[in-house]
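The structures considered in this document are given below.
You will see two complexes here that share chain A, one where it goes with chain B and one where it goes with chain C.
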Partner chain A sequence: MNTRRPVAASLAVLGYIVMIAPLFFVVITAFTAGSTVRFPPDGFSLRWFEAAVTYQPFMSALASSLQLAVFAAVASLALGVPVALAIHRGKIPGKGLLEGMFLSPLIVPELVVGLALYQQFMIGLGMNNLTTLAIGHTVLMFPYAVRVTGASLALIDPAVEDAARGLGASPMRTFFTITLPLLRPGIFSAALLAFVTSFNNVPLSLLLQSREFRTLPVTMLDYVQQNYDPIVASTSVLILAGTVLVAVVAERTVGFAKIFGGINR
Partner chain B sequence: MSVTSAAQFQAVSQVFGDFTAVDAIDLTIPEGKLTTLLGPSGCGKTTSLRMLAGYLRPTGGRILIRGEDFTTAPPEKRNLGMVFQSYALFPHMSVADNVGYGLKLRRVSGSERAKRVTEALEMVGLAHLAGSRPKQLSGGQQQRVAIARAVAIEPDLLLLDEPLSNLDARLRLQMRAEIRRIQSETGLSVVLVTHDQDEALEMSDQMVVMKDGRIQQQGSPQDVFPAPANRFVAEFLGYENFVPTADAQVTVRPEHLHVNARQSPAATSDGLSLDGRVTDLAYRGVDVLVTLAADAPGSSSPDPIRLVADLRASTAPDLRIGDEVAITASPGHLVTLPA
Partner chain C sequence: MRGHRRSLMLLLLPGLVLLLAGFLVPALIMLLAPPDTTTGEVLARLGQMLADPYDLTIIGRTLGLGLIVTVTCVVLGFPIAYLLARSQSRWAGVLLAVAIFPLLLSNVVRTFGWLVVLGSQGAVGQTLVALGIVDEAPQLLYTPLAIVLGLVQLFLPLAVVSCYSALAQVDANLDEAARGLGAGRARTFWTIVVPLSWPGVVVAATLVFAGSITAYTTPYLLGGSRQRMLSTQLFQYSSSTIDWAAASATAMIMTVLVFGVAALSSVMGRRARAS
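Let's look at the complex of A and B:
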């Protein structure tokens, strides 16, 4: 921490406390032996973790969420990587405008996106809610795919691709033997980011849910409105643990500075 | 037609919007020789090289390689070995895989490929680093790997884009000799782009001086250096003194000017003979740079002209700023240029 800027340093510490302290209470209450959410907890046990992993609605919602997140991550990358390539390597006019447009789903409120999808796709085109959710999440994850792979593409010296061409590789061969391997860490971290963002998404999933297909965060939200027992805390801790694990892997493989550096530039 | 040229530019142009980078140049790259494209940045030398390599399609004219029209062929159809300024090694591959990449694409079998990779690496003295990654190598070593990779495919031409500009001064001198050695060992036709006239003079069989997308002069260093064709080439090669005459101008190198204390009015001779005054002195150990203001009889302007003399410190006369001097040069050292 920079000791020569005490105000900034204090604010940073305060910020961390505000963000982390509530989580601390959630984590502690998840380990309670009692049957209510209370602090300090009534003894220590893992019974609410057991309850969480055996509670059928949560587990089927978890399966739904995982399915959706995997689909959204894969689909957004399948679309996002070619777009990033076109923006960074293609000879197209108005690249800046194009890139801005592809990032716009980050700016439009998700409830608006959700409502639009609901009206046009579910009501208008009669799509089922699984398809609509898959499309919605893919659209939301798309900017991450474009930006993160774009950031790692910008770090690749175009002369390296030229060199491959000069040695006899077709454009396709150059992409698969040179560009794609060099892009792999970027694609990997984009996939992780998209996966986590989709998995944790509430607004869109809330609007487009149905009785048959409901994601975990939405199911938990419903549950909290009816009951107030520590099973929600223990489930949250499990999700938190999973998310942190994914973040650590992303940091180790590519580094946040590289991932978010691209967004700030 | 017999094949005596490795490549030919026929009225080749490259126009970007309203900027003409290369303006209808005609150029023959001789077989088995080292040709340098020399000029300041923006003169069109790198653009010409990139058109020859296939990375840029000419907007006019034709490019022939070994007599065949390759004007519109993409780089992968040309069999040319290109060494990039940034070296452009594949960071995710070992040195050996970098050098073997082009051979693999040519479906050279595994054992034959290994043999040729080793040969190429031995040629640049790096066989012991075959298993390393590019980022573990120094700049000079990366440069050698890039050359080995380009030479391994047995290209019709070896193209080098400012290959020495990212190296430190000592390494640069060493690599000049190294590239010459590789050229003569392989007998390859080489085209090298540089902005450094010393590099071009030392390395070239043929040098091509460019400016504003046009060729100013071409020929062997022995032909070009003593006889620059115009003022631009003369200045680029270090001629600093330009004296206007009745209908032209003469130029002379700083080391060929003589400066002596004035005894009597300057004697007229065949060579250059001017009266002048010392305006600045810079002692540099081996030599002394003398800046002079000279009266120019042929000049239309009343202002004196600025001349620079590079005198050997051991034999230079004792001069002070303000001294009135006689400035002379022998006729053999004068080059007449168009005005």
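Let's look at the complex of A and C:
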């Protein structure tokens, strides 16, 4: 890689191996013809892919996960964009404190949030798990919506909005014809991030599961504990392929690195 | 002015309601007054935990492994970020994307890979047996090593991103200037590059440590019941034994630890910027 910096280069190579090698073995295992997860795999076949797409519990869990992720992304944005607007455009005393409060679900451990909702909503108030999950995922994705659209809002010159207002547009009209179109990349990034994060979530979905409605990662986690066949490997490869597709879409539209840049700064 | 304030309230209200009703209030009730339990009982349980050798082992393991994972992620992640930030190669963009990509990928998928690698029928064990180094595949799963490997894989991308965004802001000409003035490669690295990108390292370490001590999937799959951590213990208390006082006390410990780390990091970050 870089022979002039041997120490840095060897550490970097080691880092990439730790990040990527396990995925490589998942892919190899998924194509086995044998019926156990072992290395080296016994022959080559697509049987475990066929098994994965016809395995009812995984497929219905996939549908549940997708529905939940779409709901959480839309709901967190619908509530988060107004908050980002108020924080960045309004004159509010204690702005930092308010923003910190809106980002707090990101700091509290997810399992703690899951326990709170499970105990207070499902057991305490007798709510069904679907409603609780919808609330929980929206709460968890909310900080992403506020932060990412807020970062993108900070880049828009308020003078453009002032000009529209000066020309007689109402605040509503200014928002929908000026701010919202300029905000589109930020909203898209936030939606993508919220969707992916909700889809992959385990700690929250784990306590809030029921036999009728559970997410795919939780179902897979449960399956791994009971069985040791390669169906989880082939399902993992399908998820991997879907995630690559999402990454490619992200790269082509807003730029892949930018999405995460927005989260860390 | 009054109209301005009213529309601000309208913008904030739905979000505030969600935050209070869907998060803050349930979390506070859960921590301080879980079902059929008084605050006193929760605090008493917390006191017991902090004196009980078994519980202290779990807290110690969580913090110890978290620390090892954090140091490893910085030691591996900083060089990756450094080489990528300074590289002129067109492959640098691709390698950066490869390092960031796992952030989008399910933890279950990423962690499952280690079952294939470390399991008794897995790649490492079978290779050792085939080479005649050992007669029987060693127990690698359900060990602290397995948890560390899994968590490093999980959080290394986060460390790379944080270090990279700090390094990208450090002017590469400064390296050249130091080199031109006669500083060696190592000296330039330790006196110019590291101090200037230190805030990024602090962010990386904070995110990795906070993530490691609260992660669930990895300690569950790779540590099992043999290597309990705070998160797997919390799940146990809330789903199988249903010990609300113990669950709340464990949740308190986790929450205090995470907020403590966040506070420490903001102090360190401020000091790094001031100097």
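Assume the second predicted complex is superposed on the first by the 243 of 265 C-alpha atoms of A that agree within 3 Å, B and C clash if a C-alpha of one lies under 4 Å from a C-alpha of the other, contacts with A are read in each partner's own complex, and residues count from 1 in each chain.
Operating definition for what follows: a contact is a pair of C-beta atoms (placed from the backbone, for glycine too) under 8 Å apart; a residue touches a chain by one contact, two chains touch by 3 or more.
From a predicted model like this one, the values you see are computed outputs, not experimental measurements.
After overlaying the two complexes on the shared chain, residue contacts for A:118 are found with chain C alone; chain B is out of touch.
In the superposition on chain A, A:169 makes contact with chain B only, while chain C stays out of contact range. Comparing chain B with chain C, more residues of chain A are touched by C.
In the superposed pair of complexes, A:245 makes contact with neither chain B nor chain C. In the superposition on chain A, A:63 contacts neither chain B nor chain C. In the overlay built on the shared chain, the residue A:23 is in contact with chain C alone; chain B does not reach it. When both complexes are overlaid on chain A, the residue A:182 reaches chain B alone and has no touch with chain C.
Residues of chain B touching chain A in their complex: 53-55, 74-76, 78-82, 84-86, 88-92, 101-102, 105-106, 149-150, 153.
Interface residues of chain C, counted against chain A in their complex, comprise 4, 7-8, 10-12, 14-15, 18-19, 22-27, 29-31, 34-35, 75-77, 79-80, 82-83, 87, 95-110, 112-117, 119, 121-123, 126-127, 149, 152-153, 156-157, 160-162, 165, 185, 203, 207, 210, 214, 216-217, 220-221, 231, 234-235, 238-239, 244, 247, 251, 254-255, 258-259, 262.
The touching residues of chain A, when paired with chain B in their complex, are 157, 159-160, 162-170, 173, 177-178, 181-182.
Per the touch definition, chain A reaches chain C in the complex via residues 1-2, 4-5, 7-9, 11-12, 14-16, 18-26, 28-29, 36-40, 78-80, 82-83, 85-86, 90-92, 98, 101-102, 104-105, 107-113, 115-121, 123-124, 135-136, 138-139, 142, 146, 171, 196, 199-200, 202-203, 206-207, 217, 220-221, 224, 232-233, 236, 239-240, 243-244, 246-247, 251, 256-257, 260-261, 264-265.
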